[in-house]
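Some structures to go through are shown next.
Here chain A shows up in two complexes: once beside chain B, once beside chain C.
On to the complex of A and B.
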């Protein structure tokens, strides 16, 4: 007599699928979608700040007046009109014709996530090593894991990636004969850490990678969202070659449109287009037209200022609440842009193990383990400030502080116990729909 | 009371439960399926709810799905359903409180009443009732975390290990899906298991661990009194029936009926029915047991709102009995609706 596993495909899955299991931590995020819960766990921009009436009217016309083209197939690279607008956007941060940026070398993607996946498809063989900041973007870990690559983390401090640590990691890997393909980095307003790679370190990191023959994959979704002056110029603005620049309109306009892009060295452009066509045929014509029209006809620079102002106020609310309410021994980063603060908990606390208690107290965050490929990060959490209002942020921190104090008391009773971190990168993070 | 053998249709035994009769009565009903809630098992509940909704609709019953939130009572007042199916897991669905509110609203529901739910929900209370009724359940102690800080965790844990022995099972006194539960084989691992458990509940149940076959017996009453469905044997691939093993298809092998000697299977069914009755349950329940090496069943807990997901045990048992999930639900909502009058 044989039983059933309710999945007749179990023995046929590809090796990369083996880690895909139900996770109780992911399941807990389901509760965070209820309004009773203050969610500091999401990564969603505050879309309500958009002029939705005007955007809606614009979208309607794209269907009714231009549907014959916007609803048709398009070319794999993306429309020239949008690629030209993208170059104007990049020029704001210093990536312009003087450093070789051209619409010809831009490939439009389905959000920044497809851009990442394309880079992985082009460059990663199973077993290859990717260097990445520790912690790093959870969605990148998923992409690298699917490519069966190994992520080696390089630590950061308040000035971003530590160049000396990068050199050590490269040397260690060279000694063990591992093949490192590229450095994946979010140098500006990093997700999840909220820190920014300093001006001085940018050149050093580029030099180190150049010497080691490493490509640099620069992910820059948040660069336009600084609230304390200009961010240092992107890495791509400093080097024509060896740097892939990835960005998106998800944080500056609307993630629902799923429009991102990659600016690649000229030699690679054609392969990117072929790989993208194999994946998706072409990016959505309607979404591209929406972004193009938004950038051509609507006050998008003003809108960026509104986003920055909203986020600055909310960051201040979060930092203020953390300062006033967090138990002793807690530390956190002070971002000058972006959407996230990274908190380090007092010794002995395990952010993942504490999640059920937090959900019961009606507050949610993302445990730090979600942002590492190797199970570290148990003593950390990511806190989002872009979506909840300042009042909700303060209430959320108040609840969180109480939860931490309860957990500290529990650990005093039972002594310090080992962490319960999983070894699977990305398993402890919510899906993209969580606000 | 009798066990239903596998692969034999129950519906032929009961005129009220024949597909035709169920269809004609239930298809005129307006049924509300409650799923979601604020518990740790929200995600599981949403899956259960969607599955129940599909099954009811496939049986021709008009049904809609709703969360248990601030919009619920206005909706019940504006458009009272003929019956509610509670697919909520965790406190709201199982501790009796929501059932009490539905009683206040005069809305009938499938399953036991508020009082019985409260009893079954609290595992130590339920175990005490089982033991009083001569139903075997592993030795246990239930302690709130405050007691450990008052009396000293080391001394209390030492005493527990001395008295109950190793291995031990640690789990929250309330809640399901294996959340916060751990098997402790080494006394040094007990403090960590307690901390893990207290993250989910303020009181922990520490139980003597019984090695053996994990079996779940679903009990159904389709009008002729409670009957045990074929027992389902659970064989998790990595030996632990944790959250991932429960809700990832492919991670667990289920045998329905369980690979038990017929005499043992009969004893298991009798114990499950006895537990269902001792706790005063109604319509349906799921009794989780261990069958030890000598073929003796030990009841671990009884669920009044069993999971209905695609990897859940009650739907597997219904299938093994040769019944149709939608028809069974149709019969149950028909019975519930009849209780209003």
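On to the complex of A and C.
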């Protein structure tokens, strides 16, 4: 086995290895993190807004005074103390005892990512279909790919997932005899689209899934980060059963601790714990103690207000810069919370083909194709506003606009742009109307 | 879907959910952790031996001075800084540049558990066979069960896995046309058996696997915890290809941080990173910084010596108490490192059936059946010596001996013991000869 190649491993041991490919976002990370590049590509919270001195003091004590427990093994489900605090956090958005939420049904996870992976692990068999918004969270596509499931996208508009389109997708799949397991949805301040499922549609989407016998996997990392009043109540607040509610402290406290959770239907909570133990044995006791203590002793509700204020200001900076600087024909969403704006480029521009020129011009974004399982999204890009300062955002958009204008001028001369010359998915593509 | 039951979920969505059952160890945890119970059941390191004041100070600074990076997202593979330190740790046991070890091929994981789960995720398809020592790590059985793979145990003796038995197992499986993917082995200070694969057998086991085209998954959480000189070099130090080397800081620093790693064959390292990103996005930046800083600035080699000394003293206490107190017919292994002793009970005693009486007598252990996929091990138990003090260990063995003597007396009177009346797997069972 000297000099064993990937082919040796894949041919001999696992064909599935070959199917696993890295996301486009990942490949971008290295270049986008250079200091001279204005990165609108990430999805990172603005950690500098935290009171780091106080957080550091808290973390130190958790080691020196409580290390015998915080640095030791714990139970797979996560500590009761943290699960109780998590229930307080969920109660803020209406998921409380009245709809059956209980610490007993919370499973602490390694960020929202493991929460989703566990649900997939339990419910997805190879060949299963998952319905998801198009575009959707790139990390969810990775989970479904690893589970060898197929994603069928359902389009959105400014009010989020379109119920009629969901019904059509379910009916089409039923006709072809495909086995659909669940709808994966980010109803509030969606990543990457930045739109929110309207109050009225929430009940309809739930009814449609209930009638079709589909589970609902509700991913809600951004629900606490609204800039303009309250978001509509989560889907889980409206249904006890059939809804898995996933969230994380990555956006509201700190992603580097990797603490998220699932609120699971009671009947399967124990199975999720067993699946999690097989994956990670138990979540970090130190990270759990950090989040518990943060929520118990520090002004976390005030900190949420700070995050909201910082992000609102940056969203305004991004929307303002887009309005002032983008070439004609560009459209974008206007998020009322969260971290992202989804832009649609003028006809003929290809966000993926344009990337090398954008990086050369010292600006980065994520091409829309990263958020689809089916190659859609060439004419789209995701723009992040949570991490860069307002000044950097404006400078980034200025650089981006210049690249786009050059591409448009080239296109006028040569009729095509970029190495691939590919066009955005037009009216025939199953893409969203997010303009 | 009101009042949905587990049956609803399993019947409608996932039959695999039904197959997932909790380990016996897990059920024991709640009772065994009561203060009045002497627990020989756990596998926890003695965290109180750490310099917690200094560790706390270090953790505090990582938050207050470096929080902007340590509390932020990171890359899926883990930080280069930590991967470099990990290579220094591996070099101590002979896994160094001379056998191709490089930070580039290290993937940081959520403890050793995720390391194993990732390898299983990449290589195991439902119905595949995994060869493993019998008995083996209970968490590995959970991973293989979740992957819907079948475990075939290979017996050990005092020198570890028996090469001839490995050859027989491979030949038997080949005859039945079963697809075997890899050998999972803990060659050094094995959990739960406490035995170590001898120098001479290491080459033979590698040769056998190489001839049979099997990958080797080498799990080495305890290799640094030897009491009597150096352990034989790990399998990975002897082969560049075909060996996945898994380890963790859970036993040498702190399990509550959940930091482990895989040293992967170069050809598949990137696939492991992609699989890990699908599971957890990235390992905790804070935990990684904690381990990196611990290894860079604190006397970790001295701390290893302290751990070794503490555990050696406790092993001696356990072996001494077993010698002084155990009823005739009991045998046990004599580990030269690690955390565990494996005991074989006098003929007719059933360690699982005896558990309620042991708990009533305020002592806990793990019945041997937990370490087999096939129901073997009724006449065995695992005894941990890393966590309880020498005095507690002796008191625990005293209580245990009394329960065993009562069971033996009952057996003499009634011919059977315990609620099930089951016997240990006798000479016909495929169990190890660990006496």
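Going forward, the second predicted complex is superposed on the first by the 393 of 435 C-alpha atoms of A that agree within 3 Å, B and C clash if a C-alpha of one lies under 4 Å from a C-alpha of the other, contacts with A are read in each partner's own complex, and residues count from 1 in each chain.
Heads up, the rule we're going with is that a residue touches a chain if its C-beta (ideal position, glycine included) is under 8 Å from a C-beta of that chain, and two chains touch if they have at least 3 such contacts.
Here the structure is a predicted model, which is why all the values come from computation and not from measurement.
In the superposed model, A:357 makes contact with chain B only, not with chain C. In the superposition on chain A, A:36 makes contact with chain B only, while chain C stays out of contact range.
In the superposition on chain A, contact of A:210 is made with chain C only, not with chain B. Once chain A of one complex is fitted onto chain A of the other, the partner contacts of A:410 are limited to chain B, with no touch recorded for chain C.
Legend: residue contacts after superposition of the two complexes on their common chain; A:58 is shown touching chain C, with no touch to chain B.
By the document's definition of touching, both partners, chain B and chain C, reach A:6.
Between chain B and chain C, more residues of chain A are touched by C. Applying the stated contact rule after C-alpha superposition, one finds that A:121 touches chain C and leaves chain B untouched.
With the contact threshold set out at the top, residues 1, 3-6, 9, 20-23, 26 of chain A are in contact with chain B in one structure and with chain C in the other. Touching chain A in their complex are the following residues of chain C: 1-6, 8-9, 12-14, 16-17, 20-23, 26, 29, 42-45, 47-48, 50, 52-53, 55-65, 67-76, 110-111, 113-114, 117, 121-125, 139, 142-143, 145-146, 181-182, 210, 213, 215, 239-242, 250, 254-258, 265, 267-268, 270-271, 273-275, 277-287, 290. Contact residues of chain B toward chain A in the complex are 36, 38-44, 46, 67, 69, 145, 148-149, 153, 177, 179-180, 191-192, 194-196, 198-200, 233, 235, 242-244, 246-256, 259, 310-311, 316. On the chain A side of its complex with chain B, the touching residues are 1, 3-7, 9-10, 20-24, 26-28, 30-31, 34, 36-37, 353-357, 359, 362, 407, 409-411, 413-415, 417-418, 420.
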